[in-house]
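Next come two complexes built around subunit A: one with subunit B, the other with subunit C.
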Partner chain A sequence: MRRLDLASAALLAILAVIFPFFVNAYWLHVMIIGMMFAIMAASWSLLAGYAGQFSFGHMGFVAVGGYTAGLLATGLNLPLPLGMLAGVLLSALLGGVIGWTCLRMSGPYLAIFTMAFSEVLRIIIVTEVEVTGGAGGMNVPQLFHARTDLPYYYLILALLMVSVGGMMAVVASRWGLFFRAIRENEQAAAAAGVKVTRFRIIAFAIASSLAGLAGAFYAPYIGILTPDVASQDQMGLVVAMAIVGGMESLPGAVAGAIVVEFLVEALRSYGQWRLVLFGALLLFTMRFARNGLIAPGWLRLRNLAAPRGARLAKEAAD
Partner chain B sequence: MLQYFLIQAANGLVIGILFALIATGLTIIFSILKIVNFAHGEIYMVGGYFGYYVITLLGVPPFPAVLVAMALTFLFSIAVERGLLTPLYSPRIERKADYGILVTFGLSVFLRNIAIIIFGPFPLRPPSFITGDLVLGGLIISYDRLVAAGGGLLLLGALIWFLNRTVWGQALNAVSQSRESASIVGINSERMYMLAFGLGGALAGGAGALIAPIYSLSPSMGLVPDTQAFVIVILGGLGSVSGTIIAALLLGLSENLFIAFLPDPSRGPSYANAFGLAIMMLVLLFRPTGIFGRQHVAME
Partner chain C sequence: MESTPPLIEAAGLAKHFGGIFAVDHLDLAVHEGELVGLIGPNGSGKTTTINLLTGHLKIDGGHVRVRGQTVAGLPASGFAGLGVGRTFQITQLFSRMSVIENMLVPGLARPGAHKAHVIREARRHLEFLGLAALEKLAAKNLSGGQQKLLELGRALMLEPKILFLDEPFAGVNPYLRDEIIRFVQTLHSEGRTFVIVDHDLDAIQRLVHRLVVMSRGRKIADGPLAAVRENQDVIKAYSGT
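Presenting the complex of A and B:
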């Protein structure tokens, strides 16, 4: 089984590397945005799916990463990569602080608290026009001076692979076990010796730093940053991506993000119907297929491919 | 200057009463179904549009239109509850609170965006209840605001009567305290879930219909009340109706006075919402049961 997974991962990596040579600039752009959303969705699914911490403030950290990078680059004339790094670090720090302040909260209280955090941040960005450009947006300098988006493509591909690979390593390690133990029952986990406080903060810090990373990439790539990145509709889109992919599967969240982003673009001519469709897709998945659509589909496909003998042996073992 | 404060305070009270309607709906849903409805602001929006179309398409006069809108929102909420929330009652599902959060959050995105298609992105304004302004010395307040406040108070009074003096209200109270014990004495708890969700939705819908002539209707109108209603129920203590009403009045007043006192008028209105949210975050940190909350309320 494991070999099949590794082989498909390698195949996907090769396909991703040669992808730009087969598509035009437009679909390259779509893929870049899709991979950026993939980082957001996968990190949200680490926090909500694995650690069970329902945060609706994820897009707040995307805004922190983006605006920090942009403000340091335009305001203080720091080199952009340094600003982006600062954005990631600040998101990690702020995420840790939020994780620490929310230690006593769970479920809907946590969701409301984090939603309020992100909303306060958005209101500040909208109101402080002199600093952030307000609702009109802030211009951010380019990272690369190339004619195509190719450098951005390979940068985000590398960032996606490193961050998802890192998260998968974390999830496969003892830490992942701790995260799931905390999700299932905090008291029982604490009784069994899991340092609940530490790992809740760690989960928040990891997820927020990656959200900040996605924001820090988004700002120079798009070139203009608006407070809409922290809006509830954007949060809804990311949640839909993670859920359609499968809440407790990081590759599922990545696939969900890319599939949904391509659908968004393919359905562009339907305008407003798209968000309705994704809202409906989210509701449908939650109502009838709570494990998501993509990750369980892949499992089923993999089982079909398994040799008949292995399948029978597994069934006998079960 | 004093006159300005007086007007702000009066407006704050009016808004507070309408917030109280929305937030008591949220708190009733929470105390019975044990979920926080993240689509509550969108149900308020739907109620406002129901009111508008009942007046403009069916030609119902504005006052009865509020009641018709409430009845329609009641039915709409029950349809939502039957369609999406029944898994909450099945023993097969783990982590029910998470399911409730995600499904209502998805519903809010869905309703907000489908409203843009059905109702259009532009603000709509139904006719006034009574045109003109009441002038009392230095105090000027429009009749629409007075009607909204009066209607809101009537509805809140009717709600308190319903919850305390009728069999249905007592059954709801029983289910909120213990589902098992309520079943033992023969209360059909599934019917109570329907009633609570419908009632909560109808209160929000009534607020939407009452507020429509003051602030016009738009698909995104639910966003601010959504977060403000969270602020109120957290302040008042999730699950406490009287605490919610007091907290709503306090919030309406203090936000409007905050606008009046903040020296920078361009920032006042936008920071008023952040002010409420900041207070809520502090309450969540230091007193999670709320200022007037019941001690025993906890998520399952």
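Presenting the complex of A and C:
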């Protein structure tokens, strides 16, 4: 079964590498944005799906990563990659601080607190016109001076593979076990010797750093950064991507992000009605498929592909 | 026994909720190898005492010592690290995680724990508790009694020096009650120390050598079973007169 997963991952990686040779510049751009959202959705899935911390401040960290990279590159003339790295580190640090501040919060309290954090950050960006450019946005220098988006495509593909690979390693490690234990029952986790405070902060820091990474990539790719990056509309989109994909599955969240991003673009001619469609899809998923649509679908396919003998042995073992 | 410091000791322990003392300046010492019963009417402060002695509640007065070392402000995970294990009045499991994963959490939380060794230990405890065949099942799919056993097994994975069991016999059938008594006796004979809170006086009397009785947050009796049974304060607390 593990061999099937690895073979599928390798096939998808090959398809991703050759994808740009079969599409035009528009769909290449859609894929780049889809992969950027995939980092956001997967990191949110790590925080909310695995560690049970329902943060709605994720886009705030995307803004921190993007604005830090942009401000350091334009204000201090630092090399852009250095600015991007600083954005990731600052997001991790701020994520840890927010995680520490929210230690005694869970459920709706945590959701509202983190939403307020993101909104306060957005308002600061709008207000500090001289530093951030306010609502009009801030120009950020390009990372690559190529005539196509190919360098950005391969960069975001590499960032996605490394970040999701890293998160999967975390999930498979004892840290992942502790995250899930905290999600299930904090009191029991503490009684079992899990340092709940430490691991809640770690979960926030990892997820926030990866949101910051997505923002640090987005700023030089688009070339202009506006406060809308931290808006709750964007947060809702990331949550919808993770839920449709499967909140407790990192590959599911990645697939959810890419599928939703492509659907958003493919249905653009329907205007605002496509958002109604997504709302309905989200309601359907939450009511009838709480583990998402893509991750359970993949598991079913995988079971069908397994030899009958192996299936029976697994059923007997279960 | 008295020359070494108690395994766990509470001195002047106090906890109040609003103006009401749930635990009112309690002194209690448990030595290595003891099997102590902690009883009292509902609302007498038994569970609050366990919560204070395992770091699940902050103390408002007095102090707690573990093997002679004062542990001020230590979180529950810190108590677990010192070998203080517990179960809960209402079973607290990692419901959507498998039985074996429930066992691995405390094992892997120990500093320097090796996964292969922890898995071996988990399987040994599951075998002892009769849950070995269920290791892949989600904890939420176990019966109530099996969940109680799993919670006990999870506490054993800490390799605890002392185990607080909060109402282990509540809501279990007579067969399982006898099984739990047998498990506790076996573990005690291997050198583990227990403090057991329960309302099942028959089970408590079959198990413990020393009985502590609480009423309205205070300790009203502490000693061998026979002496406590004759204690007038205890009779008064239970008869309500």
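Worth a mention:
The definition used in the following text is that the second predicted complex is superposed on the first by the 318 of 318 C-alpha atoms of A that agree within 3 Å, B and C clash if a C-alpha of one lies under 4 Å from a C-alpha of the other, contacts with A are read in each partner's own complex, and residues count from 1 in each chain.
Just so it is clear, a residue touches a chain if its C-beta (ideal position, glycine included) is under 8 Å from a C-beta of that chain, and two chains touch if they have at least 3 such contacts.
The structure displayed is predicted, hence computed values, not measured ones.
When both complexes are overlaid on chain A, the residue A:G137 reaches neither subunit B nor subunit C. In the superposed pair of complexes, A:A192 makes contact with subunit C only, with no contact to subunit B. In the superposition on chain A, A:W273 makes contact with subunit B only, while subunit C stays out of contact range.
When the two complexes are overlaid on their common chain A, residue A:G297 makes contact with neither subunit B nor subunit C.
Between subunit B and subunit C, more residues of subunit A are touched by B.
After overlaying the two complexes on the shared chain, residue contacts for A:R104 are found with subunit B alone; subunit C is out of touch. Looking at subunit A, you'll find no residue that touches subunit B in one structure and subunit C in the other. Contact residues on subunit A toward subunit B in their complex (touch as defined above): 48, 52, 54, 56, 101, 104-109, 111-113, 115-117, 119-120, 123-124, 126-127, 232-233, 236, 239-240, 243, 272-273, 275-276, 278-280, 282-283, 286-287, 290.
For subunit B in complex with subunit A, the residues that touch the partner chain are 35-36, 38, 83-84, 87, 93, 95, 97-103, 105-114, 116-117, 223, 227, 230-231, 234, 267, 270-271, 273-274, 277-278, 280-281, 284-285, 288, 299. Interface residues of subunit C facing subunit A in the complex, by the touch rule stated above, are 54-56, 75-77, 80-81, 85-86, 88, 92-97, 101, 104-106, 108-110, 115, 136-137, 154-155, 157-158. Of all residues in subunit A, only 174, 177-178, 180-181, 184-185, 187-197, 317-318 touch subunit C in the complex they form.
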